[in-house]
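Before anything else, here is the set of structures, which you'll find just below.
Next come two complexes, and both contain subunit A; in the first it sits with subunit B, in the second with subunit C.
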Partner chain A sequence: MSILSYAAKRLFVSIWVLFGASILIFGIVHLVPGDPARVTLGRFADREAVEGVRQEMGLNDPLYVQYSDWLVGTLTGDWGNSLISNQPVLTLIVERFPKSIELALFALAIAVVISLPLGIMGALNRSTKTDQATLFFSQIGIAIPNFWLGIMLALIFGRYLGVLPASGSVAFTEDPVQNIRHLILPGVSLGILAAAVLTRYMRSEMIDQLNKDYVTTARAFGHPKKRIVWKYTLKNALIPYVTMLGMQFGFLIGGVVVIETVFAYGGVGQLILNGLLNRDYPIVQMSLLILAGTFILVNLVVDIVYGYLNPRISY
Partner chain B sequence: MPKPNSGESILEYDDVESTGLTRRQYATIVSSLGVASLAGCAGENGNGDTDGNGGNGNGTGTDDDDGDAGEPQDGGTLEVALSTGLSNLDGHMQTAPADQIVTYANTDFLFRVDHDMEVVGGLVESVDVNDDGTQWEMNIHEGVTFHPPHERELTAEDIAWNFDHVTDPERFSPRNKPWAGIADWHAEDDHTFVIEFDEGQLEFDSYMAGWHGFPIYSPDAIEDGMDMQTEPVATGPFVFEDWVTGEQLTLTRFDDYWHDEYPYVDEVVFRPIPDGSGRMTEIMQGDVDIVVDVPFDLLSQLEDDDATVVDQTDSFAILDLLINPTEETEENRGEDYPTTHPEVRQAISEAIDRNAMVDIIYNGQATATQNYFPEGSPYHIDYNPHSMGADPDAARALLDEAGFDEPEVTLISTAERDDMRELGQITAENLEAAGFAPDLQEYEQTVWSDRMWAGEFDIAVEDLFGAPSLSALRGFWRYEEDDPPFFNYMYEEHETIYQMWDEEGLTEEDPEERLSIFAEVQRMMVDDPIRCVVCHPDQITAYNESVQGYSTHPWGSNLDIHGTWLDQ
Partner chain C sequence: MVYGKIVSFARNGFHDGSQFHLAYKRFRSHRLGVIGLVIVIGYLFFAIAGPIIVPRDPTAMDSASRLAGPSMAHPFGTDHYGRDVFTRTVVGARASLQVAVLSVGFATIAGVTFGLVSGFFRGYVDEAIMRAVDVMLAFPSILLALVVIAILGPGLNRTILALGIAYTPLMLRITRGSALSVREEEYVTAAVAYGERSWNVMFKEMFPNLFPTVIVQATITFAFAILVEAALSYLGLSAQPPTVTWGIMISEGQEVLTVNPWMSIFPGLAIIVTVLGLTFLGIGLRDSLDAQEDGTIGGGFQ
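This part shows the complex of A and B:
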């Protein structure tokens, strides 16, 4: 099977997965108790008004009708309006989604920059203090909740040292320097967990590769250590690392919901959180569907890239 | 607070200013002369000051506390940190306080409440009320213009249009309901707007100032298809410029604003920063100028920060326990509906420790009370018949009297907000100590609200915005068939209270006598606490020392930046 037909097959499967995700998202969002009509009108609204708004919002239609309306709207580009602010969902998501992707990518970059050297150092200095320090970092990184880390970083670097902004975001096109400055604290808060996970993974993969027969053979042939590490083992260790990277990116996309709230970062995460609190169905459904779609797409790309990285895999 | 007597025209603010007295001093003199006034009705600057200089961080936020701030300066950008995101900019439709803060800066209200908790004019310059209070003739300011792109002078016809718009049954405006009783409205001429009532309404101004006022929008803009929820066009001191949802909303100075002196700042930027610690960081770093909703538990962090001013004032806000007196719902109720008995309701009021609640929930930054109006309000009565600390013995005695032994009561609360969660937890402990068997249920705010609306509770923790008068509070005590069960307070004193409230109070021409009737109504409401008031939390804002002409308003959603300027 050629890589093209493999990609087409995976894409076809991905569409079905996304369809399944849409049913799941719709079902869960509508199962959560809470009436968006009452959120809109406030808790002192009378029955008549609440019923009227429910009717206007289409919430009195059977669920399958509401689902099919949403699905058709999604496919035809009519994503509807927010039930609370009446703003077009499409505009809101287009405004915010790139920011979340930017934050997640920045966090991923931080994770890679930290995890690659740490993982390699740990593996090369196994059972030494350097290795223990690497393991300690990854343990701590996994154990610390990222929202707590975010608050601490904001206090230290934002309030006490005053060197970095503790909230908000600036578009890259508006001011690249401010854009990066606003990304650092949320990016680090978000990226540390991924860095910790990836460090452990990199370390164990490197150790695994260093214990392989081909490394023993290379040593026996007198290849220099540098070449063995950088040319042979690292290349092989990177293959599963890249897969893990794709998965971590998916998790980072999910993690922005909390971090964006801590840093008042105006991305899709805050949109989802506010949408959930207000039972703003169109916003939540569409945002979650797009996050699910992104996750599926990233995994699809990783799978395809994996084939390139590992010549032993044939499609 | 003097209110308009029937047949008398209210005074204009300019008259007050020319005396050189503060409005309160003037109002007292006027009142003693028997000339009722709605003092400060027009032309007052936004922060309630007579000279435009504002409170300047004196920590009290009243009109008499002007700081020595110097001459106001034009220009600059005022950055305001909000505690929640914005969702709806249409003042006729919104319910969230953050949205109302923007509306207060962007629109003009017909009436509003000043820093002394008095109802004053907004767009309304003066009012003539007929003999029996069934007709209010409002004289509207001249020279008021709408924002671009629909600049033209506001007329009384526009106000009538806004009334039509809000009461349009297909719009379901939350502002619609309290107006039952209005027979008609019309524009008499370009600057005279008339409202007629079925029965006398001598406190209609407070009704219109209540629940954050009644903003006026451009009919032209709405008829052109502009959505006030997302791009409001009104007459206020600041024009809507841009809204990047979740990030910031920008208003710019309206150069043609009808008030000659203000606004002063060129631009106001509202930024939602949900995390309380984040808001503190931003103000301490000088990245924002004003912080709304200073978290009570983080207040001490600002103590050593010389560049930040903490401004605190009494507020209308009420924290209370809503007690279900009906048997209309069976779901989630205690056996035999204990809270339908007045003695049980009184026992709840005796059982709770209001003083401890204030200390724990608000770090002491609130006033424990059983009254609906804070000290400073003319409606305030100092009537606290039940214990302010917990009195479990008195509570047990009342339970015995009602024939209950360890009655089960469901107590619903929301964990989404710290104050509500803590109130629920302390109440549950207090009730248990007093012989109740409370079942504390913590919900997400939306679900808590749903349960409350459906009447599925015995006791619900609750907060209210409060109101400038008892009439304005009447909206929370109405009884109509379409209302949710928790509105339907059919209890022993119901008929008497409503009769005194509506038939006697609202038509009483003598302001003193009217206040006396309303005081009696309140005493009855406190005696049988359907809403068991716990405290009035203080209103606190923090601002940068460069901010001048600003002081905290008793209503959190009235961020009074009309006359605020930046010392650059």
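This part shows the complex of A and C:
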């Protein structure tokens, strides 16, 4: 099978998954115990108001009509209004989504900067004190709750040292320096888990490669070790690392919900949390859909890139 | 059937040279695994006996000493109502244990059952189950948990169900992977040819061989459940006060962070130590049982 048909097959799977996810998210409103309109308005709302919301949410139509209306609306940009503030959901999300992506990308960059050198260092100094220290870091990084780390970093760097802002965000177009400064603390808190996982991953992939026959052969032919490491093993180890990177990016997108709340960052994550606490279903649905959609898209790209980088895999 | 296996393990499994004995010997000399086991036993002890053995009432307010730092009387200090943070940290272990045990238990039972069915029958059954898993894996597990919370509303029991559902596809996938390879073994083919009932083949023949993989994955998932429960209760989506959880304590502490940071520091440290203990135990079990894991804890850490 060629790379093209492989890509087509993966695309097909992604479309199916997105379809399934949309049904699940659409179902949120309908699986809520009781009348969602009543749940939204509270126990003391009068009958007319409830009926109004039912009409607005289209709850009186048959399910498949509701779903297809919802799907068409979603695809054409009619995402409804917030039940609380009455602002269009599309505007709210379009404002905040790029900020969340920016945060996740920044966290990913931090994870790469930490994990790549640590992983390589650990693998090259296997079973030494350096290696142990690397593994210990990654173990702590996995065990630390990211929101707690965020609070501690905000306390130390924001409050005690006063060197970095501990809440809010600034657009890059407005002030690039302030933008980066506002990203550092949430980025580190969010990225530390990915850094820890990627460090382990890089280390074990690198060790795998160093144990391969081609390394022994190259050594026997008298190639200097440095050249083998940097020219061959590193390149081979980077292929699975890049795939893992994409997966981690997906998890970072899930992590923004928590970290954005810690730092009052004002992205989609905070939108979801407030929506959940206020039972503002249109916001919750569309925000979850956009994050799940991003996650699916990233995984699709990662799989195709992996297929391209590693022609040996059987499609 | 499985119960019988365990009983016979307990009676006979300890003979020198038995699989169980070998694994036990390997585990005993696995330093990290033993450290993990000790931490986990300590955690279980506090979570189960904690509310009985703590000297104070976790909700008792001492208005004379509010927001105090660590002292002899209050080793972890006091919170904004003058409640003892040490007592509350010990008591908070229980909520995390409750959520983790029940959600991982749910995910393990559901994941192993469907994973075995998928790996045993293969073909269309496997296709159908795996396509559903694909959809569930379209969400990072915290988002999937949020979908369930969006439906059921916040609360401790709902968090348990949410996490149980969120972790099911992960348990399912790893069980199916191992089941597919065990399915090819001769004793499984023999059992099928012999006309043994499918259910028996799955649970009597195949499951004992997947057990190491399942137990290692469950231990690691347990650690993640504690982390995610803490995050959800920090966000106000899990248990509500006056229930004491580590996440709620950290969130309450954040409001008075500059006055008394200890209120947030100690419950956070409790989470770190517990999760470290569980991952160490998971690594120890993996290495001594010679099991697979999905790569979350990565290469050997000896």
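Annotations
The rule is short, and it goes like this: the second predicted complex is superposed on the first by the 266 of 315 C-alpha atoms of A that agree within 3 Å, B and C clash if a C-alpha of one lies under 4 Å from a C-alpha of the other, contacts with A are read in each partner's own complex, and residues count from 1 in each chain.
Keep in mind that, in the parts below, a contact is a pair of C-beta atoms (placed from the backbone, for glycine too) under 8 Å apart; a residue touches a chain by one contact, two chains touch by 3 or more.
These numbers were taken from a predicted model, which means no experiment stands behind them.
By the document's definition of touching, of the two partners only subunit C reaches A:V284; subunit B does not.
After overlaying the two complexes on the shared chain, residue contacts for A:D69 are found with neither subunit B nor subunit C. In the superposed model, A:Q87 makes contact with subunit B only, not with subunit C. In the superposition on chain A, A:D78 makes contact with neither subunit B nor subunit C. Of the two partner chains placed by the overlay, only subunit B lies in contact with A:G266; subunit C stays clear of it.
Applying the stated contact rule after C-alpha superposition, one finds that A:V17 touches subunit C and leaves subunit B untouched. Contacts of A:D61 after superposition: neither subunit B nor subunit C is touched. By the touch criterion defined above, A:D303 reaches neither subunit B nor subunit C.
Once chain A of one complex is fitted onto chain A of the other, the partner contacts of A:N274 are limited to subunit B, with no touch recorded for subunit C. 33, 151, 154-155, 159, 261-262, 277, 279 are the residues of subunit A that lie in the contact sets of both subunit B and subunit C, per the superposition on chain A. By the touch rule above, subunit B contacts subunit A in their complex via residues 85-88, 93, 95, 169-170, 172, 174, 176-177, 227, 229-230, 244-248, 271-275, 277-278, 280-282, 284-285, 287, 416, 444-447, 449-450, 452-453, 475-476, 480, 482-484, 487.
Taken in their complex, subunit A has these residues touching subunit C: 13, 16-18, 20-21, 24-25, 27-28, 31-33, 127, 135, 138-140, 142-148, 151-152, 154-155, 159, 197, 200-201, 203-204, 207, 250-251, 253-255, 257-258, 261-262, 272-273, 276-277, 279, 281, 284, 288, 291-292, 295-296.
Against subunit B, in their complex, subunit A makes its touches with residues 33-35, 38-50, 52-53, 56, 82, 84-87, 92, 95-96, 151, 154-155, 158-159, 162, 165-169, 261-264, 266-267, 270-271, 274, 277-279. On subunit C, the positions that touch subunit A within their shared complex are 131-132, 134-135, 138-143, 146-147, 149-154, 223, 227, 230-231, 234-237, 250, 253-254, 257-258, 261, 264-265, 268, 271-272, 275-276, 279-280, 295-302.
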